[in-house]
Amino acid sequence: MKITIITTGGTIEKTYNEQDGSLKNYSSILTKILGSLRLPDLEIQQRNIIFKDSLDMTDEDRDLVLRLTRLEMKNGDAVIILHGTDTLENTGELLYHEIKNPPCPIIFTGAMRPYEFRDSDAVQNVTESLIAARLVEPGIYVVMHNRILKFPGVFKDRTRRTFDTN
Amino acid sequence: MKITIITTGGTIEKTYNEQDGSLKNYSSILTKILGSLRLPDLEIQQRNIIFKDSLDMTDEDRDLVLRLTRLEMKNGDAVIILHGTDTLENTGELLYHEIKNPPCPIIFTGAMRPYEFRDSDAVQNVTESLIAARLVEPGIYVVMHNRILKFPGVFKDRTRRTFDTN
Amino acid sequence: MKITIITTGGTIEKTYNEQDGSLKNYSSILTKILGSLRLPDLEIQQRNIIFKDSLDMTDEDRDLVLRLTRLEMKNGDAVIILHGTDTLENTGELLYHEIKNPPCPIIFTGAMRPYEFRDSDAVQNVTESLIAARLVEPGIYVVMHNRILKFPGVFKDRTRRTFDTN
Amino acid sequence: MKITIITTGGTIEKTYNEQDGSLKNYSSILTKILGSLRLPDLEIQQRNIIFKDSLDMTDEDRDLVLRLTRLEMKNGDAVIILHGTDTLENTGELLYHEIKNPPCPIIFTGAMRPYEFRDSDAVQNVTESLIAARLVEPGIYVVMHNRILKFPGVFKDRTRRTFDTN
């Protein structure tokens, strides 16, 4: 099983700067998460392409995600995209409309609380995405908080701090 | 989604006794694991029935697991069984032969390192089982280390410290 | 041994708000830290009085810390003050000048990284302060990063992200 | 400040073997503990000499600890000894009787629960010992659970799972 994980920043990847006390997207934390998991039968390729709060993502950024996903979905058995939750649905709908018949699962995930926090949901969500990637049929999904939600129509429920579908 | 989790002890549930320095099955750690996960759309029922190293499980113990699984598989959408890895394949084969057409997924999981350890694989394996329970077709499985293995023929690979199939 | 711990907010106590992604002083984390330590022979009294970034502390806030310290230093064997690092030296110098002969140790501590982060120095610094409180002579101190620094003349070394003395 | 830390095994250093499920003294965990602390002004030298449950320590082992302590107490500002709690008092009394006027603090510490466990007291006890090493007068001590206990007369209170003095 061969998977590509594309990281784009977002809450899940925010890290703390001790000089100024800010919490920002400085680098990817994906290697740390993967290092804490046991994945004996999985070949993972990382593509760390964007380091931003998803509220700051531009159309060019989303287009970059689209183009890289198109490329990587032909090279492996699944594509996972770490994405900020605030505009995840925008990028998800874009991919849903632009990639008509994906050859494999394309799964968005992220976190409500950055990985660096003790009580983060980041490891849970990545763990879930990695196993869902083996089980779901081709399509565009959000996998988070023990749920598998398929585009179109996935949205962030800000009150419950999780995702849902119409 | 409604799931029953049956705990039987095993490595995953071993806890440390500070009085005598032993590492044994004194109680279930499942509540702690579930408390660390975000599961907004999942109703879980716990059945803590056995507190043993799986090497000490008797035929009566395995029969108890079988009978309880038969009962619970009719009450929900999946049954997950926390089990010691050393004799997991015995209980798994028993269920495979006795339960001909399970109405839902029956998933065994466990850990190579007890939950109480910092580097345990317990949370990963429970997280994976909980999401696989939503995705796999009815059958008897081991879910662990990002793999979904279906009975019959699942065995513990002691050298690689994980499970595999013939 | 009887100690009063006064909390004033600061980096050590910043917590994450999942609704808006902010990192602020919403509540005290002291109870969590103390709950993770073994302190069989210590009676601790908490006074959670201020919930602010120390850059936002006013003269009134510092005066409140001074007055409460004056009161509590007579009621126990030591006073520990959790304080933001950015203006810790200001409050420390104030106490140094206003409290001429403290009857017991008055120890400031804090953290360069909030307690809620995995790699925080918060637990280390509180642990150190609690044991230094048993050992140092009366005076006004900063205890952090395995160092005991006595006022006057303690300052934050922003480059090395720790405290030092002239 | 220059400290030597001698490790001898004991509960604090027990690690889990996934092949056979045993919890034993295979190697030292001291480097991991020190790596989790911020110690900008401390030079530490490690001497990992014994890897045993302290119930298995022989007279030769205790003599080795004595001879190495004699050597290292002349080379630095303090000696810390990680030791199993079950026979810590024996080694402590030996050093107390053999080293009449130590030139610096000699501090024993350990843990009731191995470092590898989530709820271990190992980091607390090492943190406390490292700061007490800067503050106590020359002598032989146990530092653990926010207490500083001086030999002779220190003993393990098995019921309360901590140390005390007569």
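Just so it is clear, A, B, C and D label the chains in written order, and each chain counts residues from 1 on its own.
Throughout what follows, a residue touches a chain if its C-beta (ideal position, glycine included) is under 8 Å from a C-beta of that chain, and two chains touch if they have at least 3 such contacts.
A quick note: this is a predicted structure, and the numbers were derived from the prediction, not measured.
Contact with subunit A and subunit C alike is made by no chain in this entry. When the CA atoms of subunit A are superposed on subunit D, the rotation angle comes to 180 degrees (nearest 5). Separating the centre of subunit A from that of subunit D, both taken as means of CA atoms, is a distance of 45 Å.
If each chain is reduced to the centroid of its CA atoms, subunit B and subunit D end up 39 Å from each other. Between subunit A and subunit B, the centres computed from C-alpha atoms are 28 Å apart. Residues of subunit D in contact with two or more other chains: 112, 119. The touching residues of subunit C, counted against subunit D in their complex, run 36-42, 112, 119, 121, 123-124, 127-128, 130-132, 134-136, 143, 145-148, 160, 162.
Those residues of subunit A whose C-beta lies close enough to touch subunit C in the complex are 11, 14, 16, 18-19, 21, 23, 53, 112-114, 116-119, 158, 161.
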